[in-house]
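One structure coming up, written as structure tokens, with questions to follow.
Each chain carries a letter (A, B, C, D, E and F) given by its place in the written order, and its residues are counted from 1.
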Amino acid sequence: MNRYGPQVIALGEVMLRFDRSQRHTCAAPSLQVWEGGGEYNVVRGLRRSFGVWTAVVTILADNTVGRIVEDLILRAGVDTALVHWAPGDATKGRARTGAIFTERGFGIRSAPGISDRANTVVRGLRTGDIDWDAVFASGPRWFHTGGAFAGLSETTVEVADEAMTAARRHGMTVSYATNCRPESRENQGRADSAREVDLRLARHADVVVGALSLTGPRSGQATRIHAGEVSDILPHIAKLVPQASVLAITPHELPATGVNVCPSAAWSLPTGVVTHPPMPEFQVLEHIGSGDGFTAGLIYGLLTAADTLSEGLKVTILQRALTYGALVMTGAR
Amino acid sequence: MNRYGPQVIALGEVMLRFDRSQRHTCAAPSLQVWEGGGEYNVVRGLRRSFGVWTAVVTILADNTVGRIVEDLILRAGVDTALVHWAPGDATKGRARTGAIFTERGFGIRSAPGISDRANTVVRGLRTGDIDWDAVFASGPRWFHTGGAFAGLSETTVEVADEAMTAARRHGMTVSYATNCRPESRENQGRADSAREVDLRLARHADVVVGALSLTGPRSGQATRIHAGEVSDILPHIAKLVPQASVLAITPHELPATGVNVCPSAAWSLPTGVVTHPPMPEFQVLEHIGSGDGFTAGLIYGLLTAADTLSEGLKVTILQRALTYGALVMTGAR
Amino acid sequence: MNRYGPQVIALGEVMLRFDRSQRHTCAAPSLQVWEGGGEYNVVRGLRRSFGVWTAVVTILADNTVGRIVEDLILRAGVDTALVHWAPGDATKGRARTGAIFTERGFGIRSAPGISDRANTVVRGLRTGDIDWDAVFASGPRWFHTGGAFAGLSETTVEVADEAMTAARRHGMTVSYATNCRPESRENQGRADSAREVDLRLARHADVVVGALSLTGPRSGQATRIHAGEVSDILPHIAKLVPQASVLAITPHELPATGVNVCPSAAWSLPTGVVTHPPMPEFQVLEHIGSGDGFTAGLIYGLLTAADTLSEGLKVTILQRALTYGALVMTGAR
Amino acid sequence: MNRYGPQVIALGEVMLRFDRSQRHTCAAPSLQVWEGGGEYNVVRGLRRSFGVWTAVVTILADNTVGRIVEDLILRAGVDTALVHWAPGDATKGRARTGAIFTERGFGIRSAPGISDRANTVVRGLRTGDIDWDAVFASGPRWFHTGGAFAGLSETTVEVADEAMTAARRHGMTVSYATNCRPESRENQGRADSAREVDLRLARHADVVVGALSLTGPRSGQATRIHAGEVSDILPHIAKLVPQASVLAITPHELPATGVNVCPSAAWSLPTGVVTHPPMPEFQVLEHIGSGDGFTAGLIYGLLTAADTLSEGLKVTILQRALTYGALVMTGAR
Amino acid sequence: MNRYGPQVIALGEVMLRFDRSQRHTCAAPSLQVWEGGGEYNVVRGLRRSFGVWTAVVTILADNTVGRIVEDLILRAGVDTALVHWAPGDATKGRARTGAIFTERGFGIRSAPGISDRANTVVRGLRTGDIDWDAVFASGPRWFHTGGAFAGLSETTVEVADEAMTAARRHGMTVSYATNCRPESRENQGRADSAREVDLRLARHADVVVGALSLTGPRSGQATRIHAGEVSDILPHIAKLVPQASVLAITPHELPATGVNVCPSAAWSLPTGVVTHPPMPEFQVLEHIGSGDGFTAGLIYGLLTAADTLSEGLKVTILQRALTYGALVMTGAR
Amino acid sequence: MNRYGPQVIALGEVMLRFDRSQRHTCAAPSLQVWEGGGEYNVVRGLRRSFGVWTAVVTILADNTVGRIVEDLILRAGVDTALVHWAPGDATKGRARTGAIFTERGFGIRSAPGISDRANTVVRGLRTGDIDWDAVFASGPRWFHTGGAFAGLSETTVEVADEAMTAARRHGMTVSYATNCRPESRENQGRADSAREVDLRLARHADVVVGALSLTGPRSGQATRIHAGEVSDILPHIAKLVPQASVLAITPHELPATGVNVCPSAAWSLPTGVVTHPPMPEFQVLEHIGSGDGFTAGLIYGLLTAADTLSEGLKVTILQRALTYGALVMTGAR
């Protein structure tokens, strides 16, 4: 057995995250530095909270910024052997690593954030750049990607498709998270294709997280639903992605700090719709990454339960997913 | 008299600067945040160390990053009334504020730095974007710009030219610093034109700092000269920029931390070449911005000495310039 | 048009504020440094949260302490062109800048504070020290002062009177905040005259904030009133200050952290008494400056609404005032 | 035996010291907090570096500022049982604790400092306020005071005299440090009496530190002497204070950071003048308190050497004094 | 009267406590350092919050770790004259100072902690090591120890017994807190004797805190009781420790952060059972040390009320104890 | 090819390192946290400075302390797949992770350090605990261990022997660093066997670092030699360890901060003794780990030079080793 190979591999963008603390609205002299990115956060959570060996496939600019991100990935315990490096002459504008600037809110004061993702090197990834057979040669069990990455450019959709196809060929379980935001695609001038991207890729997945994004009037945004509607909508969505064994709704509907967690739900063919009761008086410290935390918990649950995909999703697995998503919101990283 | 108007106005780029302290090479969890930029540093120094009211003309992206930079400019005491704001949707890649990542060195360990300046909004500035007559209406006495800004793009050269011409029309003294780095122009595919840009703009200036850049074998880089050559070279350069009253050589030739300051020199027609002796055992804490500090000291000296430009440069003025440049190198900001 | 002139000018004391964070009750090795002062906080809030160009008229000792305060004012974006400087030889006791030491509370643990304001230079300000016609020459629209400043000494009352009179002469709108604390006047031996000061100066104002202080049994302290009494009391107070167009009650009655905001109220002749419903579950991080934040919001509302003073106060303006006061209490600075 | 009694007691002022670190010249958001004061520093050094149980007699204002100082004295290990507390209503200007604001220099950039000591409560100390017999009842062996305290006001001279007299009556060894600065006395209008104060009090002392202050053209300042002059001057000074057994010269003549320590010297009747060679390449991190450190080392040496005062000062004792003064300059606190 | 002697003396272990702040779960680069220990916390609280002069009897290893602990005890204001020092060659494993690593929780995320107390020097304390008559010679009024210390080893039980006996012989009031944790004794292989230790020592005490530990099915753990049972259980326990005048129940039953404080209760013969109503909406920042805070408040109440022990416990004293315990939970240290 | 396998594997102890910064000698409220250990530092340096994939074989206690160390190893980029975990009930004293407390010096003030290594879990490692064939199965090229680990206990010598033998069996190059400190062995009562341990294990090594320890009058300590003696001593030592291809002398002889690096030297059969000139004016920030840095540089040089071991050591390789050791001393980590 190869003791060094990761169990779960994600494909996605990893950005620098700069964080202002609560009071320093005025000329903060130092910023906390984190790393983040939708798909990456999932394998980060699997490593840090569940002890699963994971790796991320991404590309970084080979300069100070990219190396800071590498250090932060190492710090999180995620394997960096699959990180690609682009020549990093950022001055010439050829290779950048993305950044997000966030601020923590308090009560009625919201937590603003802005991303600085123009011309990031990851947008230029093309099919053929990554040798997926080599990536999957060490025998990982699970592959995860999502719309946050796929929606970055014309070529990243193709890379995600290529990777999911290869992962299935290697007999891995494949999951897809649909948090493709229309505004990031608008850049490429085809905002209306966000739904299309999610649907195309979700059809390669065994597990689809954020399934509500696959339907509804506005593409690219999770539909806020009422508890009563869930049992109707999920089976309907299941027909759009017939090979998916599990569909899940992330708790993105969470209102602001201090308010209760809305009910969450998932579906699998053997069990039908499974829901989880809300947690009253749940305190939120941090909203960013809660959906990714939910996904990490869900994958861990499905990875460790024997025969889960055939038997379907049990309430305990959904519970674990929600609990980890909730822990992320308490500031656990 | 208008008590609110700035005395000195600079045109340039202002970037975020992230600073790692000495020991945190490994996964630094927080970064010090500063603002900087060649031409801006000059008016910053004039305000903070000499108490001269100054303003900067620049353009920032109207988002969290740009507003952090505004806060930092305010903190430095430089007037922000002349800052232009571009719609800040950084996600779409249309407007970015540049960033530099630096690390402090120690002894034989050098201080690496990398800039992240692809697609910065300032590169898109065009002639006509700024109403220079309005900018100069409040009666400032001095205008400063330089090759760091002018060399950013095809259009910024034109904007610098337009601004210098307007400043002269308003009777202001105009200074120009030639630190145009070829690599930043290479982006536009014409590295060989760096010298050309510097020469074209220096011809509009009363005071030229970094005059060695106007000659020599390699364009865009200060030539390291020996003390003996100065008295020959400066009069030669003066012929290239006949309307300039003062030419100065910045102490860019400074070797690494802890080593002595090389001799510096300047030239004016009435006085000829003026030199300053080296400072033995001078300790350097910070190299970045020393040339800009030198320029600030020089401008202050010329601004406060009566009839300086006609009488020529005195050694005391060069001394003040060098001292302030040196103070910047001790970490005074 | 003069692009450099402030829209709103305040007259008041600016002090250093030292802040202990929550847990360091024991031998805190470092203290957070802020600047503050009742009237100044109003123009600070107008600048930072509403983007209005503001300036403060004050006097600081010209030494390290005063220069730290200047830096902090600059950092906040408030114009320092109107700051006067007293020779700062603090050793001789002739010029001091005041200081406040605060500590953040938590739940049932209160947030103690103590001011160190003996012999502050601002107490010695006299009529004639400031050339008000020069101050108002740039065309500001609004002047604000209050009892926190006026109550400092025998002479500051006169300076406030002089300034308000000049502002009215220049056609500006004048506001006055009555938070004159009796203990700071007791120093001068005439604690009973606090009410008298407030009344005398409020009569020069178009807008009076903290109007409850103008009546009631104990001078110098806001009377805590019940919702039902407001509609009776405000019209009664309006008769005491006949030229005032708007009277407002600050939410000083706010109980401790975590408890709901009490109703607030204001009055104008055309509209009569206007009230605002409480905000349930409002979380308070910081009590200091909430009344000043309320005043900033109120001024901004009145400044931006056309014909407000003639039409009277609308509920939306009171709402904005309360919201900003509330934001201050969430730690937004 | 009483295990709780201090061995050495000092009488002096204790102030808050705020320290800016090297680079934060601009709007430093937090300040390091220390406590300090000439005479206090001596007992602080004796406790922290030599493990001698010490106490300080002083008076603090009983408010947040005074209590922060108390915490800092406790942190240093100096006994606070002899601290007197004045009612601390600082608003009324009746009781203040002094403060000093310092900044660390680097190379050619000097380290500015300013004290904020107007109206400090310690200036109002009068004879009779302290029951010296009670203070000395626990059997301490050494009493130390100096001109920094005695020079504060008309009454503190008397208090120092009263204390020294009582200490001698209790059979204790008494030391006096003459760093009375004329500018702090000028406040009281009699700058020329600084020398007089030092001479009057030094005559009560067994050990006088800073003996050069007792002579020379300018009162209140240490005279910089050359090595060759020492053997002439010290015996001359000894005649001015006939009951003193030991006279010492503090290394106040130390030039700026990084430069060598000048020779230091002391005198006692049995041994005559004793000198100590300079330490080449000695690096200085902190100048403040080096003379006090020297005094602490000297007292420790004399306290632990049997029969020192009768036998006279040995070179090893002077060496220890210099070494500890030097250690203080390396930042050891 | 001896002004240097402590009023209350505790015997216990003092450990280093390392604290991770809320968000730095991942590779925290620095840890907050505190000192703590059950019995010590009581005298620490008495000093810091009530101003009572206190001392701790303990033993520390004479090396860097032990000296950091000494500094922290000094910082808290607790007298260190009674600290014993063991030769500190930690490399040889002969003398260690214990350490605790804690992390602050948030909402549903709990606050984990782990102690590193193997081979701590305090476990080796033996009867005869401490001269209790010398310790008590200065005339302290109260002695406190508890099961946290006594349960450390075979020999610490004997030392606690020896100390309590000596304290009673000196006429002091003696208190005992029963928070003996079985797991720390299991180390010595006799987990079942925890109850026995508590009972044996509680019989020497006038005041027993944590009285519920003396009874119930599981030894060594506080029994969670319902309000109704208190009046029955306490008189029953009183019979087990007939010489105790006061028995108290600590609020250890406190649920997690943000939830209300359970009722607390105490008993004395003259008054019978006294209870205190719960505090609704009480916010908890810190759980560690709340029981010790309660004990400090209780001792202060009994120490300052005249003839308390004979008159019995009044509700106001219980109230003070609870309030201080509660304040500790708000982060007041 | 297996892309996940490490190239270099070290066997050693990894400890927590707590670091006080320069000025906080007094009650430092927070400590910097690092990880360290002689053999581990070598693979850490190879990963961080040379980009070589490395892993460490060690055992940690499975509790908060051990997990902090794991996080720090991850942060450094060293693979943790080979870390063994002992049940971490530190309360019972069965498993501890070692700690070191250090303080940075300045000039004449030295940098004290104390280790807290009693009962660390790594001392209990026994032959058979680690399956070396599994460890080496992934095809690493180099194995490193040393006397710091081997000298910990009776059993760690055997584990080191077992590992080196297995590494040679797998065809790996084996290096050994002899920094066995006698005091850590004294614990086991056989200080005189330190030399014996080093000699026994060095005989399994291809490369021996710290070769001077193998000879001389005092065992377990590097002999300080003069430049002239090197060419005599190294060939003599080479006879003691006949299978070693390279012997090196670490720059442990380095004097204190700021003084020049002494000459260093190495030997290989084909080249004989190779020396490196001293670096004048070399500034030292940090002494800890310089020898380990030297070893990392040496291994990197030998690993990347083709046929190095047969051709012998070239001066460039020694130079690289010295440079990296020197960089470590500038604070690069």
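In the analysis below, a residue touches a chain if its C-beta (ideal position, glycine included) is under 8 Å from a C-beta of that chain, and two chains touch if they have at least 3 such contacts.
Keep in mind it's a predicted model, so treat the numbers as computed, not measured.
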| item | value |
| --- | --- |
| Chain at maximum distance from chain E, centres defined as averaged CA atoms | B |
| Per Cα centroids, the chain farthest from chain A | D |
| Equivalent of B-C within the choices A-F, E-F or A-B, defined by over half of its residue contact pairs recurring | A-F |
| Equivalent-chain rotation between chain F and chain D, CA atoms, steps of 5 degrees | 120 |
| Distance from chain D to chain B - Cα centre to Cα centre, in angstrom | 48 |
| Intercentroid distance (Cα basis), chain E paired with chain D, Å | 41 |
| Multi-chain contact sites of chain F, meaning residues that touch two or more partners | 26-27, 29, 71, 74-76 |
| Parts of chain F lying in touch with chain A, wherever the complex brings them together | 2-6, 53, 71, 74-77, 79-82, 134, 138 |
| In the complex with chain D, residue positions of chain C that touch it | 18, 26-33, 63-65, 68, 71-72, 74-75, 88, 90-94, 96-97, 99, 101, 103, 112-119, 183-184, 186-187 |
